[in-house]
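Listed below are the structures to be examined.
Here come two complexes built around subunit A, the first alongside subunit B, the second alongside subunit C.
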Partner chain A sequence: MSAVLTKLVEYFQFPFVRYALIAGTLIAFCSSLLGVTLVLRRFSFIGDGLSHVAFGAMAVSAVVGLTNDMPLTLAITVICAILLLRTGQSTKINGDAAVAMISVGALAIGYLLMNLFSKSSNLSGDVCTTLFGSTSILTLSKFEVVLCIVLSAVVAAAFILFYNRVFAVTFDENFAASAGTRTGASNTAIAIIVAVVIVLAMNLVGSLLISALIIFPALSAMRLFKSFRSVTVCSAILSVSCSVSGILISILGGTPVGSTIVAVDIAVFAMFHIISLIKGGRK
Partner chain B sequence: MALIKCENLSLGYEGRAIIENLNFEVNSGNYLCIVGENGSGKSTLIKTLLGLQNPISGKITKGDGLLKNEIGYLPQQTVVQKDFPASVREVVLSGCQGRLGLRPFYSYEDKALAARNMEKMGITQLSGRCYRELSGGQQQRVLLARALCATRKVILLDEPVSGLDPKVTAEMYSLIENLNKNEGITVITVSHDIAAALKYADHILHIGKDVFFGTKDEYVSGGHAEYFAKEGGDGV
Partner chain C sequence: MMKKTVCIIFSLLFVCSLCSCGSEKTQPASAGSGAEYQTVPLSDGSDVDLDLTALSSTMIYSEVYNIMSTPGDYIGKTIKMNGVFATDDNENYYFCIIKDATACCQQGIEFILNGAQYPDGYPSLGSDITVLGTFEQYYEGDQPYYHLIDATLC
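Right, the complex of A and B next:
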């Protein structure tokens, strides 16, 4: 045990380990808050879809020759998120189909553009890093960590202030509109927050991890808890503790950080699922 | 003055009218049943009455101090709600969202109102239960309690008994009748069930190829009920 502790203490001497822990925890927290409403609205795959959109946008900015592709990427992704989410439950194309369409379309166009216009010699390498997180969680700068802290604070505050409206719009959009809630504005606000979180998180921890962070904690919490509030709280706690333990395990075991966190999330989901089956059996 | 008055209303989507020249009015304390075949524009009419959609032409006037968002709406269930983790209390309380204004959270009065309406619907003992685990009849009571939180004057029910068994259907109807008779709440209900419409409603609006609006007695004596029953109405 003490050997493990010594090793951890030793690793925490390095700033990049501390940064990874802070950023990982905060992103896990934000995405789990958004995850509950996204999963319930049948937008589980939006993390993946939007990261493909961001990939397409990066390709466009590379072709145009922008040195800093962040503003354009963010803008395009936010627009796509709004298009996907703001129409809400009254779309002609279902949520999952719309996400699939935009995701695959953006991926294809992005790759096509890169192929036609790329000046880089290592094309497949570029594509791979853009898709799976070019800057991994272990290479964060201090600025990125600060950005992450500020963003998380904003997302958490917005979520708490709009908690009742998020519930109302997610549960029953028509009723919410009839009761005078501005559903269009609420959906747009949710879409913008989702897009910002996904674009930033994608750069920080990779698109694979962000999708998992949105889906797993929410689904695990829904196995056992019966009210919206308890599901939200449980999913936030689960997400944060899974990320922390995933990061610690990856440090100790020398495994890749993102996939270790996802593995822990899967294990917790399996555990919750079994508990819910046992509880259901007794009833 | 009428609570809701519709004059020369034309309704539809994207400029294509489904219903034209619709005239009717609802007074305080009325029990209006809107009947019509599938595709006759019942849902469009509901959306327009709720202000979710604008009429193509014509106008809707609201009187008796009825505010813009003060119609308690009982919608049909959506797919999303089937596996939604929400407690009964949370669902009913969300009926108070129109009162929130700029406040982020529900006040003590909102919670008391939700509790009173749960009491009225006989679902107080279910308040901690999960909405998705309730029976169809219990779910409708929860949604009715939510609708009551949004209004003190008028409720609009979209197919309130669809998918319920006969016993629960009867209970639901008597619950609605009680709200109308004893609480003085105006009821507008949309239904396929012409038999129930004739039993409980005092006014009938029939939309479709032939439009009829009047009291139930006029509807029956005019022979409309039999005519529409022959034409393939579900009830009678």
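Right, the complex of A and C next:
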């Protein structure tokens, strides 16, 4: 045990480990805030869809030759998030079909563009890094960490400020609209926040594993808690704990960061599920 | 509303405190580099500035990435690393290659063995090696490259 602690202390001397823990904590916190809303609204897979859109946008950035792909990726992902969350209900192609269409379409086009036009000498590595995160979270620059902190602060502030609206729209959009809540604006705000979180989370777990970061903490919390507030708080605590544990296990054991975090999320979900079964059996 | 404002203020204070966690107060980077990373000596009292062999595979990959991203910070440092031996197609350049944990990405650092002429003194292609050398910059035309010089196999 002391050997592990000694190793951790040594690793903490590396700035990139500290950066990874800061960014990982914030990303996990933000994704858990939205996770509850998205799961309750049956939009669990929108994270997956939007992350594929972000992958496509990153491919376009790479082909165009942008050194900083964040602005373009964020813009395209926000537009698609608004299209899916706000207009998805009223169009001919709605719900899961729209998410699936955009998801696979963006993934295919992104990979095609990278294959045809990429100047990178390590195409498979670039694709793999984007899809599975690889060590992206451990290779963040100081600028990226600061950007992550600023965006996370915006997401957290927006969630706290519009908590009542988010709550109302999550449970009954029609009732919220009839009660005078501007549901359109609320949906747009949620869509923008979701897109920001997705783009941030791609650094942590990669685009294929983002859904896990969004849904597992929320589902675990729902095993034991029933109110929206308690589920959100528990989800945030679980998400941050799993993310930090996953990063530490990963750097100590030499395992892939993203999949290690998701594995910890799965283990916690299983644990909470068993606890809920035991509690249910006692009643 | 007051409650929310207090929550937001606490959130902002929290993220501000995280900003300070990332600041570095340790040794400065190499003169003129202006880069933000620093080497962290992990040697066991030997003359190795950066011992990558003591790190996990995830840490090695991340640190090598940082070396190649901000090479100015590492010039003149003695680096020890292990990986797989490889050469370029023309067998003019020799590399110690390391893979990331997902095994899809790999990167390497070029090295020149002290007093050896390929293939004499060099390991066989694909074999696991531990190499120790001094990180230096060199130019081919206007393009800067980086390698370990005076390298030895451990």
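Operating definition for what follows: the second predicted complex is superposed on the first by the 233 of 283 C-alpha atoms of A that agree within 3 Å, B and C clash if a C-alpha of one lies under 4 Å from a C-alpha of the other, contacts with A are read in each partner's own complex, and residues count from 1 in each chain.
Convention: contacts are C-beta pairs under 8 Å (C-beta built on N, C-alpha and C of every residue); 3 or more make two chains touch, one makes a residue touch a chain.
This is a predicted model, so every value here is computed, not measured.
> Taking the superposition as given, does A:172 touch the first partner, subunit B, the second, subunit C, both, or neither?
first
> Contacts for A:222 in the overlay, against subunit B (first) and subunit C (second): which applies, first, second, both or neither?
A:222 contacts subunit B only, not subunit C.
> Of the two partners subunit B and subunit C, indicate the one touching more residues belonging to subunit A.
Comparing touch counts on subunit A for subunit B and subunit C gives C.
> Name the contact category of A:146: first (subunit B only), second (subunit C only), both, or neither.
In the superposition, A:146 touches subunit C alone.
> Check whether A:185 is in contact with subunit B, with subunit C, with both or with neither, and answer first, second, both or neither.
A:185 sits against neither subunit B nor subunit C.
> Based on the superposed arrangement, let me know which partner A:161 touches: subunit B (first), subunit C (second), both, or neither?
both
> In the overlay, answer first, second, both or neither for which of subunit B and subunit C A:97 touches.
A:97: touches no partner chain.
> What residues on subunit A does subunit C touch that subunit B touches too?
160-161, 163
> Where on subunit B is subunit A touching in the complex?
The touching residues are 50-52, 68-69, 71, 73, 75, 78, 80-81, 83-87, 89-91, 94-95, 97-98, 100, 104-106, 128-130, 133, 146-147, 150.
> Provide the residue numbers of subunit A that touch subunit B in the complex, in ascending order.
Spelled out, the residues of subunit A in touch with subunit B are 40-42, 89, 160-165, 167-168, 170-172, 174-181, 221-222, 225-231.
> Which residues of subunit C touch subunit A once you look at their complex with the stated criterion?
4, 7-8, 11-12, 15, 18-19, 21-22, 24, 26, 36-38, 40, 42, 54-59, 61-63, 65-66, 69, 100-102, 104-106
> Taking the touch rule as given, give the residues of subunit A at its contact with subunit C in the complex, in rising order.
Checking each residue of subunit A against subunit C gives 10-11, 13-19, 22, 25-26, 122, 124-125, 127-129, 132, 134-135, 138-139, 141-142, 145-146, 149-150, 152-153, 156-157, 160-161, 163, 250-257, 259.
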